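So, here's a batch of structures to check.
Two complexes, one shared chain (chain A), two partners (chain B, chain C).
Let's look at the complex of A and B:
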């Protein structure tokens, strides 16, 4: 039986600060166990936590992007539980008052827009990591033991709690992906799912078919990928449905997802569940956030993806689909915008200040946008049609041509942009094509050559002899030669076998060493054969 | 205010401790005495007074986001009852990430 479900998520993202949330230990991943610890994050007696300002500001970014209400005065609390990865015996989190409340994520579910409500956003500390060690003997020489690494203890987390507004697995997937995209865009997390930088807990309840009320929700923890979230939801919806179909009732349970076994198992016994005995953290003062601070964060924070796509349409006249492809990842969007700015400069359509490094450094903040719009107002000699055309061409180069190279060579775009193919260099390659100096196949060869060597692009053009042949008489000679070499094909073409025109264009291109302008070749062929 | 044996059993379970019946009874009495002592506070007149969670506590005390001194693994592990190379070694537990 099809049942209505209500799904909510708690998304935890490790914040990309330099240090931990309450101490000066480095916030990194990898490295030797217990090498990034201090008395504070080890919970040694007498050590006191001090809040990291940057963690708060990254949290404010998330709140602003999700249009949440930032709480003027929030506080910290202790969540008490005993586990080997939590040396203090409690986690410092926010409970009674949180960093922000309300807000929403604007989700696109296969073309239909849906707003998923946000209940609250809070900041807290991560716990350590536990490893099972079946072969390690404990001090008494028997029994199973665990190994604990405290490096992750105290890594800052932002937790985003949604309302149970999600009503299908597809919506859940779209919500998680959109929220993830926003977090990556804001630069608040490294976002590497396989490293556990972003983790999901979900709660699922089934709506009563008769009176429409929501059933008891069950929680599933430990979801580390979009795929495992989808599988866990399917598992849990089916499990609850079976219980209800058999006339049973759902008991509140917290389940732990096992990705390998593809099933969820109950985690804590019922009497212990959610008895965390929260109380106010006596070692930390309140967090007071005024409008000035919020404005400061807003001014220097990256543009969220939806606003970014909208600006690309408004500023550059890009089509909606192109703008969305470019803004799927900030790396691509920034690289595109940088390349386009450089292309406009190389073509002499914009002043040099369009690539002002100071404005680029701020990437896509309000600051940078204001500087860029000044430059735009100073751009002369560019027609309203020309900018969208160049923008689409640049988008195509970045996503298709460079994208293909990146996929084939297994290099990520950021690395490429920071090493062999900075935006200014890619812009020169594109300019060679836009000016008609090279034809399409030669442009692709030029791109690869520009990545492989450090020679200036104009020298590469010359050394590789890639310059397109556009001289009418040279092309006429080439075409005449080819027609003489293929009398049979010419005869069949004249008899109506039109597809042979492509064959002949190909032969002329080959004859020219790939350098002829293919459009001109087509035109010349048609003219000499007297066909339209 | 009265602490029951069930309360103590519950708190002990949360702390992963187990007690004999004699111990449970003694702890229940002691806890009851403590709670009764603290319960005197509920006699205070507090109309119009906001709850205070701490005295002399300052708001907005921050650290700048710069790496400071960290312990060497040997120092971090020096008080550990048991270790395995640079890990703390603890009795077996359920996996939880």
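Let's look at the complex of A and C:
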């Protein structure tokens, strides 16, 4: 029997600050175990935490993007529990008052919009890692030894707690992907899931079919990918359904997801539930966030994806679906915007001062957007239809042509944009096509050549002899030659076999070495054969 | 007069005038340590004689070259063994930290060195600063130099005994509920608990973080004041330090306290206070009055709840602060324990003393789900009421005068079976920690049995200059500066 479920998430994201949350150790990944530690993050006797403001600012970004209410005065608390990778015996987190409360994530589930409520957003420190390493020989024989790497201790985390508003596995997936996209967009986390930069815990309960009340929730921890979240939810919904179907009741449990075995095993049950004995952290004062600080963060904050897509529609007249494709990842969006600006410049539609507005001005901050909008408002000689047209063309190039090359060659777009194909160079390739200097197949060859060599685009055009033939008399000669070579096909075409026109255009193109303007060829053929 | 009998002011003048050298001063401290440590047990570790003499020699050479020296140049200072000192070990008088040598110095220790002081060694204390008698130490009890059959007070009993007996000129202690002032009172010296946030706690091994402050000890007011000036001020490594400027703490004696408003709470001389103590305190108040101070009675509404509130909150914080001692990464680990749970359980069971375990359990209980509101939260509310009492009292008064403790030093093991009686002896000292204000203890006489009586002077937060002024004037006018006692030779128990 199909049951209604209520799903909520706690999403933990490691914040991409320069230093750790309470000390000056570098916040990086990799390196030798226990190489990025100090008395503070090791929790040595007498060491004290001092809050890193950058961690707070990244947290504020998240709160602003999710339209949460930022708490003017929040506080830190100690969550007391014992684990070898938690050197102080407690985690510094936020409990009674948190950085922000409320807010929502706007999720698109197969075309239907859904708002998932946010309960609170808080910042806290990450723990270290326990590694079990086998050893072979010692007095007690072989076995395994627990080792602790404290490098991760004190890495800042933002935790985003949702309301249990999610009612299907599909919605859960859409929620996680959307929230992840927002976090990446805001530049608050490196976001590498396989490194554990972003981790999910979920709670699931089944709604009573009769009175609609929520059942006892169970929590599943240790979800490290969208896929494992989906599998874990399926596992848990089925498990709870089986218990209820058999007339049983759900006991509150915390389960740990085992991705390999694809099952969740109980960590602890209600009877042995951990009492974290939260109390205010006496080593840190209250976290006071005034409007000035919020405004400062807002000014330099990257645009969240939905706003970014909206701006692309408003500024460039892009279609909604195009804008969404472009803003799936900030790298693509920035590359698109730089390329478009360069294209407008190359075509003489925008001032020379526009080079790479998006990446150069960190586009993305309010300040940069204001500057860019001033530049665009000063653009001359561009008709209201022309900008959307060029924007769609540019979008097509970035996502389809360049996208295909990136996929085939296994290079990521950011690397390409920073090395062989900066936005300005891509813009010149596109300009050659837009101006009609090259035809479509030649443009593709030009793109590959522009990536493979460092020659200027106009020299490439010449060297590879890609310039499109648009001269009417040359094309007429080519067409005449082809007509003479294929009398039988001409006869059949005249007899009404219209599809043969495509064959003849192809033959002319072949005859021209691919350089003839295919539109002109079609027109000339029609004219010479006297067909409409 | 022998060198070890000099107060800080006398010692510093002698160094400046070239009457003796820093080497002489260190030699005399070491000689005294050799003579009385057997009876007192004030130190857990004394630095190597050669190292100390080399360091003192450098100060002397710098002085001879006419270099500008720090305010504490060449002065032997003892440091309580819960303040981190790199290379000197830091045990908190606990087995659990045996062998632990911190990889860094506490901010106060850095500042001590910058001021030119010479750290002679690390002093004994109640384990993790939990106690009022210095009997709860893995390194054995400390004895009171005035009567080795009595306790020196705690938890900074080692520091107090060392200064009182002339083993060091100055000492750093720590005060969470009276741990500098009560032993200072019992040992007849000056002990200061500065306002919360005045001295960095970075490197002070936490007992109860919202109360702990490093304090200073000396046989004269100026020594405690000068030492405090050297270690005070904001520290980027301690978010609870204050940005308020550090003013002058020392000054000239004027013989005048006119206009200074002195408040004396009724309970200062009331029930539970030893009559001799009450008498000595009232005599001290009379001296202040004779210097022109306006004296009036005062009532602190909620002070009867101070001890209960203090022990709930302090133990709650302690239960969390001491969770890190698991024998895994540093310190001592139970012998032969195997497996994570066994290592942790056995280490904590075997290596913490009874008093520490008692407080961890009480604190854990006060924070437990279902008890938090009734214990921790209610205690915090009482704490706010007590702080408010002081805030309104300091609208009417500049300082508040009480005994430091209801009685002079008690006998060893007198409260061994009654921890509550021991806790109640903190009745006059804990309020200042609850309210985060400044307080000091200084001697105001000897009891009929020859034991020092401590006078406590309390001032509002960051009003240390007023507190020192009253103390300095009283010290000069009363003439109560106790001699260094003869220390009777006794055999300590194991």
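Note that in this section the second predicted complex is superposed on the first by the 512 of 532 C-alpha atoms of A that agree within 3 Å, B and C clash if a C-alpha of one lies under 4 Å from a C-alpha of the other, contacts with A are read in each partner's own complex, and residues count from 1 in each chain.
Throughout what follows, a residue touches a chain if its C-beta (ideal position, glycine included) is under 8 Å from a C-beta of that chain, and two chains touch if they have at least 3 such contacts.
Keep in mind it's a predicted model, so treat the numbers as computed, not measured.
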{"item": "Residue contacts with chain A in the superposition, chain B compared against chain C", "value": "B"}
{"item": "Contacts of A:50 with chain B and chain C, given as first, second, both or neither", "value": "both"}
{"item": "A:33 touches, of chain B and chain C: first, second, both or neither?", "value": "first"}
{"item": "Which of chain B and chain C A:90 touches, first, second, both or neither", "value": "second"}
{"item": "Partner chain(s) touched by A:256 [first = chain B, second = chain C, both, neither]", "value": "first"}
{"item": "Partner chain in contact with A:519 - chain B first, chain C second, else both or neither", "value": "neither"}
{"item": "Chain B versus chain C as contact partner of A:82, first or second or both or neither", "value": "both"}
{"item": "Touched partner set for A:531, first chain B, second chain C, both or neither", "value": "neither"}
{"item": "Chain B versus chain C as contact partner of A:282, first or second or both or neither", "value": "both"}
{"item": "Contact residues common to both interfaces of chain A (with chain B and with chain C)", "value": "39, 42, 50-51, 80, 82, 84, 146, 148, 275, 277, 282, 284-285"}
{"item": "Of chain C, residues touching chain A in the complex", "value": "83-84, 90, 92, 97, 100, 102-104, 106, 201-206, 208-210, 236-240, 316-317, 319-320, 322-324, 326, 328-330, 340, 344, 364, 367-369, 372, 376"}
{"item": "Chain A-touching residues of chain B, taken from the complex the two chains share", "value": "10, 13-16, 53-54, 57-73, 76-77, 81-82, 84-97"}
{"item": "Residue ranges of chain A touching chain C (in the complex, touch as defined)", "value": "39, 42-51, 78, 80, 82, 84, 87-90, 146, 148, 275, 277-279, 282-285"}
{"item": "Complex interface listing, chain A residues touching chain B", "value": "17-19, 23-26, 32-39, 42, 50-56, 73, 75, 80-85, 127, 129-133, 136, 138-139, 143-150, 196, 199, 222, 256, 267, 271-272, 275, 277, 280, 282, 284-288"}
